[in-house]
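Below, chain A partners chain B and then partners chain C, in two separate complexes.
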Partner chain A sequence: MTARRSLALVLLATTVAVGFSLAVSRPAQAQPPTPSDNQVNQVASQLYCPVCENVPLDVCPTQACAQWRELIREKLAAGWSDDQIKQYFVTQYGDRVLATPPAHGLNWLVYVLPPVAILIGVGVLAGVLRSWRRSPVPEPEPPSITENPYVRQMEEELQRRERGE
Partner chain B sequence: MVDETAIQQTQGSEPKSEEIQSRRPFTWGTGAIWLLLLAFLLLLFFGLRRTQQGPVQPGAPAPQFSLTTFDGQNLDTTQMRGQVILVNFWASWCVPCEQEAAELQQAYENYKDKGVVFVGVNYVDTEPEARDYMARFDITYPNGPDLGTRISQAYRIRGVPETYIMGANGNLVEAKIGPYASLAEIQASLDRALASTTE
Partner chain C sequence: MLADLGYFAVAITFAAALYGAGAAAYGAIRRRPAFVESGRRAMLLTWPLITVAALSLIGLLLTRQYQVAYVASVTSDSMPTYLKITSWWGGQQGSLLFWSWLMAGFTTAASLRKWDRDREFLPWVIVITMITLAFFLSLILFFENPFARLWQTIDGQQVTALFQPAGAVALHPTDGNGLNPLLRHPGMIIHPPMLYLGFVSSVIPYAFAMAALVTGRSDDRWIRLTRRWALVAWLFLSLGLILGGRWAYDVLGWGGYWGWDPVEIAAFMPWLTGTAFLHSVMVQEKRGMLKHWNMTLIIMTYSLVIFGTFLTRSGVLSSVHAFAQSSIGPMFFGFISLMLVVSVSLLIRRWRQLGGDNELQSFASRESFFLVNNLLFMGIAIICLWGVLFPIISELFTGQKVTVGPPFYTQATAPLWIGLLLLMGIAPLSAYGHSTWKTLGRSIWKPLAVSLIILPVLIVKSVTNPAALLGYWLVAFVACVTLFEFWRGAWARHQRHGENFFRALNRLIGRNRRRYGGYIIHLGVIVMALGIIGSQMFQQQTQATLAEGEQLTLGPYTMTYNSLAEFNTADGRQVDRAVVSVFRDGKPVGELHPRRDYYFAAQQPMTIPGVRSSLQDDFYVILVGWEPIASQGATFKVYLNPLINFVWLGGFVFIFGTIIAAWPDPDPQVVRRRVKSGRHALART
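The block that comes next holds the complex of A and B.
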């Protein structure tokens, strides 16, 4: 009886321990995968090298650019979004790292000038076409018959015959 | 002959009045276009002039700035008036910067008690690499990132390394484009800056 009771106690304790450990322990989660080069370059292509002139970060061959691409990889691995990474680069290195300049200050000109120039061009073209339509180019008159050298030669010949030469 | 002249006169006079009528609104448009073009050219001119200006020249007031160092310390050059300030622009990816790094640290140790402040401005860099660089050359003077490249733009630097020495009155005493060749060269520059402040 004592042996049975102790066996029951051991079973109870084991059940409680297993149940408790199952309740407390969490399943192991997989490590987030390291962002691939494509993912890094997808963000890097929206940024420009802060040092080189007009070189996108994804194709820039310098050591500094390699460091920045690694930085992008770290930020992506940490769960940062594309916009957060871009904002971080702007804070660190200024607006010039952005492939598309933000529309504030004089940057507005980049967005305003081309359409304005096109509108002005269309207006000028329309004005010129209208003026052309209003004053059509006169067609050249055919040369008068007296100006024809063969006719003139013939008339001279006839006059000479009339005079009996 | 008379008829032809009459035709010419009528042909010549009628379009004139039409031309005047049609030109009036177009003149305003042309004026607006010229104005826009002029404004754009002026903008281009001032922009180009600024980029072609080159770095700040000695004798001119040195741009004042504030900077948060890698250690979290806030520096403001306006609060350092009365002292000679050496501002060194550098980056970890800059190989010529390495040529002068140890000498700059040595000069700092020699001059820190003589009224000279050293400030390192880390230009477009990544922080881990910048810290590695500082550790490699045992740099102990204050260094911080040039956030948004505001300081380098104010000094209109063309690259790194560049070093500017500000006199006690806030004017620029010397500008060194490229790395210092030796410790003696740095010390000579600092001596000149100190001498100019005592004059």
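The block that comes next holds the complex of A and C.
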């Protein structure tokens, strides 16, 4: 055994011993499975439970969802990307598993309508503001008195008298 | 027997409401005050009558009358008495009765005010409130009857009906299913009543608005009459929303308080239009402008209240087909459409009379900022409405169900929220009428300069996220402006009257409750914003399976899994309860007990998190799962929610401000009397 090899062995033994003593003296940290729960949840949080209403897959407490999360773990372990897994769920359960509708067909309306509505609002507001500035609103006529038929009749009567009819 | 009495009471209330509406309308049109008075008395009768129905239902719930289908579906022997009472609003039928009961109560309260100066409004307020009440009562009477009993027909089928179907025998289940476990939480006991109070009290301002339109009174009287009602409605809506958020945080076990769920949004939309109204109404009061718009906002708020109830009650959210099958969905649809058509046509009829008294004098004026504020609130409301409606439209036209989830709402509304925060900083410094950018700039630069100090402080504390920096700067800016407003007012009083500063502040708020109550609400909003930014942008989470004695670390926290116990409780639950020790920066800060309760009767699990709460952050632990032999391992999901308690703290400030703003003014007669007696006292001395 060369001196170099024996040094390496001593170093290795020391590392193992130190590592062991550290492991014993400190409470063990959890050993994450591969892929870890966090990786699974990261994908699951972008998906919606296919059965429950409006519950993200990462927080759904049902048994079915736990199984779906395991499915994600298997796919991740098999080397699938996030997008592939999402696509798999879409193919299996439809667009509703995505947090937002994919932008195609009628779904475009989801994204187009709110900005258009707000822009129209801005336009209307700008128009109203400008028109108010340009043309002062005429003083409204004293309302409602002449609308009341009784009062109107009385007014006409009084005017006739004044004219001496 | 009790069930028959309850149903009978609902039927008579329905008749009284219909008669009230009819008599009041007839009296108003034919100018027969006796009929209006008769209608008013019918209206006053509705609340005592429906209270009889409510008491009957409570009696049934408390006395284990499981032959009544509703009682069997929401109560069980093992439930404590207070839960049996609150299960009154724990299911569809009962909650409709609860809605109607509150509605009748509010209507009665509104009718007891003095009507001397606005007698002509009375009949139309009666008509609107009684028609709305009658609509809800008709749902109870004909579709969702909480008093219906369980029967077994000859061919063995179980049916629900009030009266015995031919040949059927009565069913007497020995125990009920019990209330949905999610609803057995203190937050859920007060949250629905608050929300419902908000909903029903929104009907009153609408009724006054419609009365003003029908009678053609174009002055501000209806606004003055209803602004406090609108504020009260808004107070309850806000309380309902905040309590709902707290309930979700405590019970739903996903580490958050607002998930942009359609049911949440249903309650949020009338709040948005109501908030817009509370701002724009000030422009009408001060400047006599925006009369059409205020009417429109009130009509929208009322429609959204009914629409929100429709969304949550008709099953339309789960699927279009559920809506078509539900008996009350089409009824709701018809009612909303009818009220909308009537309101809009009345508005169009009176359009010319509602012209503004003033023109806009400056783009930098308070009124133009209020208009922008309204645009932003409406923008958020439109995004919400569209997000809720789109899945229904998609399913209807393409058969494809889609989800419109939080990413859509947060991205679409974020710029609008930023705009609103900015306005909260600028608008209080602007003036009505003539106001130039120059004068505005002169008053803005000081608070602006002070607020900018926060940026280097945050960057030193290694906050580098631009969105968070923008958010925190806006919070600081609004805080500077708002606190400066308080200081300026109090300082002026202090100088003028020589009052001590705190006394001056107190008097200042007392004399201008609406204004300073409003500013306190703004302070509440920014405290909440602090919590929302912190918990949304800096939330951390991790999940791990630990064996006993193992640890996981998240941020400054470390958590050790100690043990797990499984036991059954007397109220029909199987409880799995973990014990974990929590350390912050290595120092022990206590034990938490996250647990999972399984309700046997409802076959439903419920996740109760263990939370270590401090002003700085919440360490929120959920028990996700466990091995058959618990000592081998349990899975925990752990969230670190920074600053989240500022959301609740801000909520308190917010509600406090609203109460100050809505607090009734002292009765002028009392004041006059007090002044008079004071004079006598002076004369005597």
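Note that in this section the second predicted complex is superposed on the first by the 102 of 165 C-alpha atoms of A that agree within 3 Å, B and C clash if a C-alpha of one lies under 4 Å from a C-alpha of the other, contacts with A are read in each partner's own complex, and residues count from 1 in each chain.
Here is the rule we go by: contacts are C-beta pairs under 8 Å (C-beta built on N, C-alpha and C of every residue); 3 or more make two chains touch, one makes a residue touch a chain.
Since the model is a prediction, treat every value here as computed from it, not as a measurement.
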item: Partner chain(s) touched by A:V59 [first = chain B, second = chain C, both, neither]; value: second
item: Contacts of A:G94 with chain B and chain C, given as first, second, both or neither; value: both
item: Which partner reaches more residues of chain A (counting touched residues only), chain B or chain C; value: C
item: Chain B versus chain C as contact partner of A:W132, first or second or both or neither; value: second
item: Chain B versus chain C as contact partner of A:L109, first or second or both or neither; value: both
item: Contacts of A:W68 with chain B and chain C, given as first, second, both or neither; value: first
item: Which of chain B and chain C A:G123 touches, first, second, both or neither; value: first
item: Shared chain A surface residues [contacts with chain B and with chain C]; value: 94, 96, 106, 109, 113, 135
item: Chain C contact footprint on chain A (complex, rising order); value: 27-30, 32-33, 36-38, 41, 48, 53-54, 56, 59, 61, 66, 94-101, 105-107, 109-110, 113-114, 117-118, 121-122, 125, 128-129, 132-133, 135-140, 143-144, 147
item: Chain A-touching residues of chain C, taken from the complex the two chains share; value: 216-218, 253-255, 259, 261-262, 317-318, 353, 355-361, 363, 368, 371-372, 375, 378-379, 382-383, 386-387, 390-391, 393-394, 397-398, 400-408, 412, 416, 541-547, 549-553, 560, 596, 605, 607, 624-625, 635, 637
item: Chain B residues within the chain A interface of the complex; value: 15, 18, 22, 26, 29, 33, 36, 40, 43, 91-93, 124-126, 129, 145, 147-150, 153
item: Of chain A, residues touching chain B in the complex; value: 50-51, 62-64, 67-68, 70-71, 90-94, 96, 106, 109, 113, 116, 120, 123-124, 127, 130-131, 134-135
